[in-house]
Amino acid sequence: MNVFERYESNVRGYCRTWPVVFDKALNAKQWDVDGNEYIDFFSGAGVLNFGHNNLKIRQAMIDYLESGGVTHSLDMYSRSKREFIERFVNVILKPRGLDYKLQFTGPTGTNVVEAALKLARKVTGRRNVVAFTDGFHGMTLGALACTGNQKFHQAAGVELNNVIRVPFDGYLGDGVDTLEPLRRALQDTSSGITPPAAFILETIQAEGGINVASKEWLQQVQQLAREHGSLLIVDDIQASVGRTGHYFSFENLGIEPDLICMAKGIGGYGTPMGVLLIKPELDVWEPGEHTGTFRGQNLSFVAGAAALDYFENDDFLAEVKRKGAITEERLVEMIERANVDIELRGCGMMHGLDMVTGEKAAAVVASAFEQNLIIPTCGPNGRVVKVMPPLTIEDDVLEEGLARLEKAILSL
Amino acid sequence: MNVFERYESNVRGYCRTWPVVFDKALNAKQWDVDGNEYIDFFSGAGVLNFGHNNLKIRQAMIDYLESGGVTHSLDMYSRSKREFIERFVNVILKPRGLDYKLQFTGPTGTNVVEAALKLARKVTGRRNVVAFTDGFHGMTLGALACTGNQKFHQAAGVELNNVIRVPFDGYLGDGVDTLEPLRRALQDTSSGITPPAAFILETIQAEGGINVASKEWLQQVQQLAREHGSLLIVDDIQASVGRTGHYFSFENLGIEPDLICMAKGIGGYGTPMGVLLIKPELDVWEPGEHTGTFRGQNLSFVAGAAALDYFENDDFLAEVKRKGAITEERLVEMIERANVDIELRGCGMMHGLDMVTGEKAAAVVASAFEQNLIIPTCGPNGRVVKVMPPLTIEDDVLEEGLARLEKAILSL
Amino acid sequence: MNVFERYESNVRGYCRTWPVVFDKALNAKQWDVDGNEYIDFFSGAGVLNFGHNNLKIRQAMIDYLESGGVTHSLDMYSRSKREFIERFVNVILKPRGLDYKLQFTGPTGTNVVEAALKLARKVTGRRNVVAFTDGFHGMTLGALACTGNQKFHQAAGVELNNVIRVPFDGYLGDGVDTLEPLRRALQDTSSGITPPAAFILETIQAEGGINVASKEWLQQVQQLAREHGSLLIVDDIQASVGRTGHYFSFENLGIEPDLICMAKGIGGYGTPMGVLLIKPELDVWEPGEHTGTFRGQNLSFVAGAAALDYFENDDFLAEVKRKGAITEERLVEMIERANVDIELRGCGMMHGLDMVTGEKAAAVVASAFEQNLIIPTCGPNGRVVKVMPPLTIEDDVLEEGLARLEKAILSL
Amino acid sequence: MNVFERYESNVRGYCRTWPVVFDKALNAKQWDVDGNEYIDFFSGAGVLNFGHNNLKIRQAMIDYLESGGVTHSLDMYSRSKREFIERFVNVILKPRGLDYKLQFTGPTGTNVVEAALKLARKVTGRRNVVAFTDGFHGMTLGALACTGNQKFHQAAGVELNNVIRVPFDGYLGDGVDTLEPLRRALQDTSSGITPPAAFILETIQAEGGINVASKEWLQQVQQLAREHGSLLIVDDIQASVGRTGHYFSFENLGIEPDLICMAKGIGGYGTPMGVLLIKPELDVWEPGEHTGTFRGQNLSFVAGAAALDYFENDDFLAEVKRKGAITEERLVEMIERANVDIELRGCGMMHGLDMVTGEKAAAVVASAFEQNLIIPTCGPNGRVVKVMPPLTIEDDVLEEGLARLEKAILSL
């Protein structure tokens, strides 16, 4: 680790929580250079829905590499991009009755969000967007303005403007309509607030602490957007690709976003891909108005297309729901046995244990790591333990990981 | 191509210049799905310094995939990241007497630039940065503010502030000291201009039209920065990794940047990687202040480390210089034979033919493509034909490509 | 009027409501060039608390002019400024147990507000300020950002940033705590909202529609400000100098502002003066950091000092309360007799009749003007008829004006 | 002075240079409360072109006060406003072949500038304006962004954006075309600079150090503005109303501004007035889009109209030129006799002695004050002694003042 301490910037973070050097990985397990085995409830911050080094996807990648298929192609046409698009349309969009065009941006989430914000501003000719408390949308200045976390804001070093901040569902307690002040202000020409270009939200705030918006609230956001000519942008970067038991997090919630931000899981293997889904009538981009060198990653197209096999029928999503139910049941048990107050939130295979303070959450994480369980925190001051194993985790590994987590919690 | 037209956003650009579907590639050649062969003078916008699907790098990637090495690790420690850092330090930094720390950001150039700007603002407590006419630094709002192109600015949809725009070397004609107005203003408390956090520049503006800054001018920029406590950021994303005949574009120019932005070529195989090099004393980041999901791409570490083999001795860079000289000689010939005014700029294997108008440059590109040569434009209104083959291009392929280019030019 | 139409900018406004050329005025009456007499319930937008051409103040001004006293002195010391300060301290501040320093800014309200915002930002080192729905604070860019009215915002032509907009007391209906979302957000480091430099408010929003904040709400604002190290700025430009039956609008409300903005009435005779009252410990200005050519208006000092005579004992304020009560009683009667829904708001001699729509309010104003009563609108879309006669209005003129107003209302 | 020290904000400035309490004044003389007599070469920062307490203007004001004429009327029509407009049109505009509409804004210069900027942005739909090094345009945020002085910028406490800063004529030395970098950038879509809404400038920078733009340069600015659809705004607040020997500073310079900012001298007696002159075709204001309580100051209209008598024929302006020539001759003598380097700049009765350092200029001012001469500094770090007596100064008082100034200079 001396190499890292001497040569890698102080900005490095997760390595401080789990100070070992990782070497190999498979599905929900990782091994360090000394051969120690770890269970992974982190999933690469929501990227590794299909586990580490998913064998099927890997084979597709190796085959592609060996075939000499073009690797890097920007927004030139390529065979593997065409296949990815066709698969995505046929496996995901059409069966759900959805019609979107795909914009491949630079392959990071923040790139997708920046593209979405630009497009919403272009479509509407407006500048401000509504973003929500505890939202997380990225680190580059446009996306960062929408992110709620103060530490990240301060690091910007400049003013982050053009955002109207509104409390997320539940932020003001049960039953409080957090949209009412905005709704009222938008009806009033003296309120100081004018209709926004867009509302941007995660249906389930992941980094924000696993805050799950209700169906009713989401529909009200959509209605408010529609009434005022604003676009609805769902940042589904972390909660999609099966994580909630649906492909998109917003299925069955009665909303139909104008723009959908995808990254993380969509690349299949941890291979980077960023996609903005655009309702066809909103695709007002001029050619080349938003670019990015790595927007044509063919290895990611290949891996992402292979990963779409999981969604050809409902079996995989049913498995996600089943394992999610097991997880939830076990988490409820732990909370009941715990000596401290813990609030459980989440759905599918995306859960958070709100430990009330960052100190307690950090203690759980540390105790888990002593047992070789990799599990992170999220939420304000890191007070929420985030339970997010690969969707493909084996039942026994899931049980073992949960047992280690329980032990960590009970040790408080 | 119907799939693309129906489902890919209008924003797609390069595919309109080269409207075929690419399938396979090797070194400086590409093949479309119909088996047609193309010579590539584009190099994936400067990414593919080692050619398409470099066999040696590919083998390292396949070996790594088959070994089960961890693929996606954010800023956790990994074996392959350690090896990359060690190789980079030993092969690149130490032999050049340079000492920098590495920050792995999200793997796109714009991510690296955003990190550099944040850090410069944090170090200095200042907000404005000096950026130059025709500069290109990325598409996300922080980097975009530094980019000069008006089309990209308009697409932002919001104000892009905190940039002092200064003419690049040569912008006002030969012998004009473009820094003098700024130099004078920085001595004057009533000038309306206060010392900036940083000067950000490309030593050779690639997208801006292959504009090569002189050694003297660069040293003056550095001196001005030093005098006023500003950092010097070199955005070496396109011009480094051997492109100029040196590893970094600024070697032998008598400057020593505070921060260096690397992306594109450093990943080796078109595999995305973004690195900010930071002088150790400026590494004032708090842990986790700037993050990004895909900042731990182990396939890129493996490919990037393999690519560093090219720099273990001077042979490869000597080859670049040799092929660059051949290229330049041939370009001079073409210009002499041409029926139109053309200005040649560039160095190493990075050349631009300024055709004066975008129409003429587009005609050259179209005529070249009719001969199966892929060559792009850059510069204001796309008026510069950009000659940038892979550094590993075979001599005969280079000659053939140049012959096709000549034919295109002479057809004007 | 041809002269005005030909040579005065289209921006002129009130002259369109009352299209006659005024010539003479005395207390609550005005005469046009044709000798027609009008009753004035407008008071020069809240400036003429002591009536038009108050004879006692006028004499002081003429005496001063004839004495050769210095007229224009910027922030040089002058005898008349000294006398004004002494009178203000002795007649207003000391008897109320208040201790403030006086900053004479440029003599418009917006100048005072800009100074207050700068000082609050300097004291706290923060940038954002909380301003409220329907607030009105001026037309220059700093103050305008705090103003709520969309028409004025659009006219700015640039982005107005650094303001957190919060609903004013009552904005969300009776009993709704409009501060709760902000209170909650300020406790949370991921809310996207950081502690502001200041809260700026009018205790009674005048241009905003005569919205009266409750004592409890104001105290909560102050408490929230104190908890987060933010200053409390009361913009008392329109509601002070006796208008509410107190000298300051916030007396007896249990708050003690850090900064108080004064203009309009304080000049006494319609003579311009702007004063920022600053708690001594917050007076961190460097000499000359905020300037303004007309900050030393000695005719205004003389007139303003003469006007302070009204506050040497409680008689005048008792008269204001008495006439305010008469007014309110009569307004209640009118509302009961009216054929349309009208909501009465206000206190002291500052009332608003909310006619629900701008059309109805405009009809009342037009009908009143047909009867030679000058009365304006305010509030969102101009839907509130604003009843604000000079404080010195004679009882019979007040009664006659109210009778005309009633007739106008009943004509709907 | 204890009253001031205890109760007036630290922000007070000029009183520190001249620490006496002024009482009376007449033309170019002032007396303090102890009866000491001073000669005034300051003229209230350029306001008192017609001297202190001009007897003829004073009589008009007293007559008006005694007549009961309306004093405060916002933008209602009033007889005295009509008379002012008629006089201004007939005495100033028509004889000069100029056609402008008048917008009365709040009566401070910064208010006028803010109105001009808004209107230019509205006319063009653009946001940025070009402002010049050492320019001074006011203290409120919109105008302040155009002002060059760093001390004032820092006091803003927020970002001041939307300004492109360009060197004023002469800023880079004799013969350097300071507009060329901008001219070049405006032809280039990749320069990072887009056509501005307006160019705002003083033809003679007063606060900036008496920097006189050449006729040729001003014409080039106008040409550049015309070529790019930008408005030309002349801020003539300090240099007009006869100061240069012309009514407007730009007469005979071959330019015709689109918008002209007037304040200071136009009120006649130190009575505040602000006027924006607008080319009729650019008067696109909606009624009431820019307001301000004190925009209808009838005492200022009366005083301002009386002052226009001075311009009914050329005698007064001829006198200004004559006295200006005397002044210049004497200043040249002083410089020749002085022991230090001094540069003389200026025209008409507006001169500056650039003492190279602020320390030397301050020493001159202090030495002059010991001799009862009131003379200020201006320019970067206050290094320029500003010679600006009332235009109506008697010859013997002018000579005496100059003698005292000479003594102060020779004492260095």
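Residue numbering begins at 1 within each chain, and the chains themselves are lettered A, B, C and D in the order written.
We adopt the following convention: a residue touches a chain if its C-beta (ideal position, glycine included) is under 8 Å from a C-beta of that chain, and two chains touch if they have at least 3 such contacts.
Small disclaimer: the values here were computed from a predicted structure and weren't measured.
J.: Tell me which of A-C and C-D has more C-beta pairs in contact.
T.: Taking the two pairs in turn, the one with more contacts turns out to be C-D.
J.: Taking mean CA positions as centres, which chain lies farthest from chain B?
T.: Result for the farthest chain: C.
J.: Would you mind pulling out the distance in Å between where the CA atoms of chain B average out and where those of chain C do?
T.: Taking the mean C-alpha position of each chain, the two centres sit 58 Å apart.
J.: If you average the Cα atoms of chain C and of chain D to get two centres, how far apart are those centres in Å?
T.: The answer is 30 Å.
J.: Distance from the CA centroid of chain A to that of chain C, rounded to the nearest Å?
T.: 50
J.: For chain D, which residues are shared contacts with two or more other chains?
T.: 127, 151, 158-159, 161-162
J.: So in the complex, which bits of chain B are touching chain A?
T.: 1, 3-4, 7-16, 18-26, 30, 33, 44-48, 52-53, 58, 61-62, 65-79, 81-82, 85-86, 89, 101-104, 106-111, 114, 117-118, 120-122, 127, 139-143, 145, 151-152, 155-159, 161-162, 197, 263-264, 269-272, 276, 278, 283-294, 297, 299
J.: List the residues on chain B that touch chain D in their complex, please.
T.: Interface residues on the chain B side: 127, 131-135, 147-151, 153, 159, 161-165, 167, 171-172, 178, 180-181, 184-185, 188-194, 208-209, 379-381.
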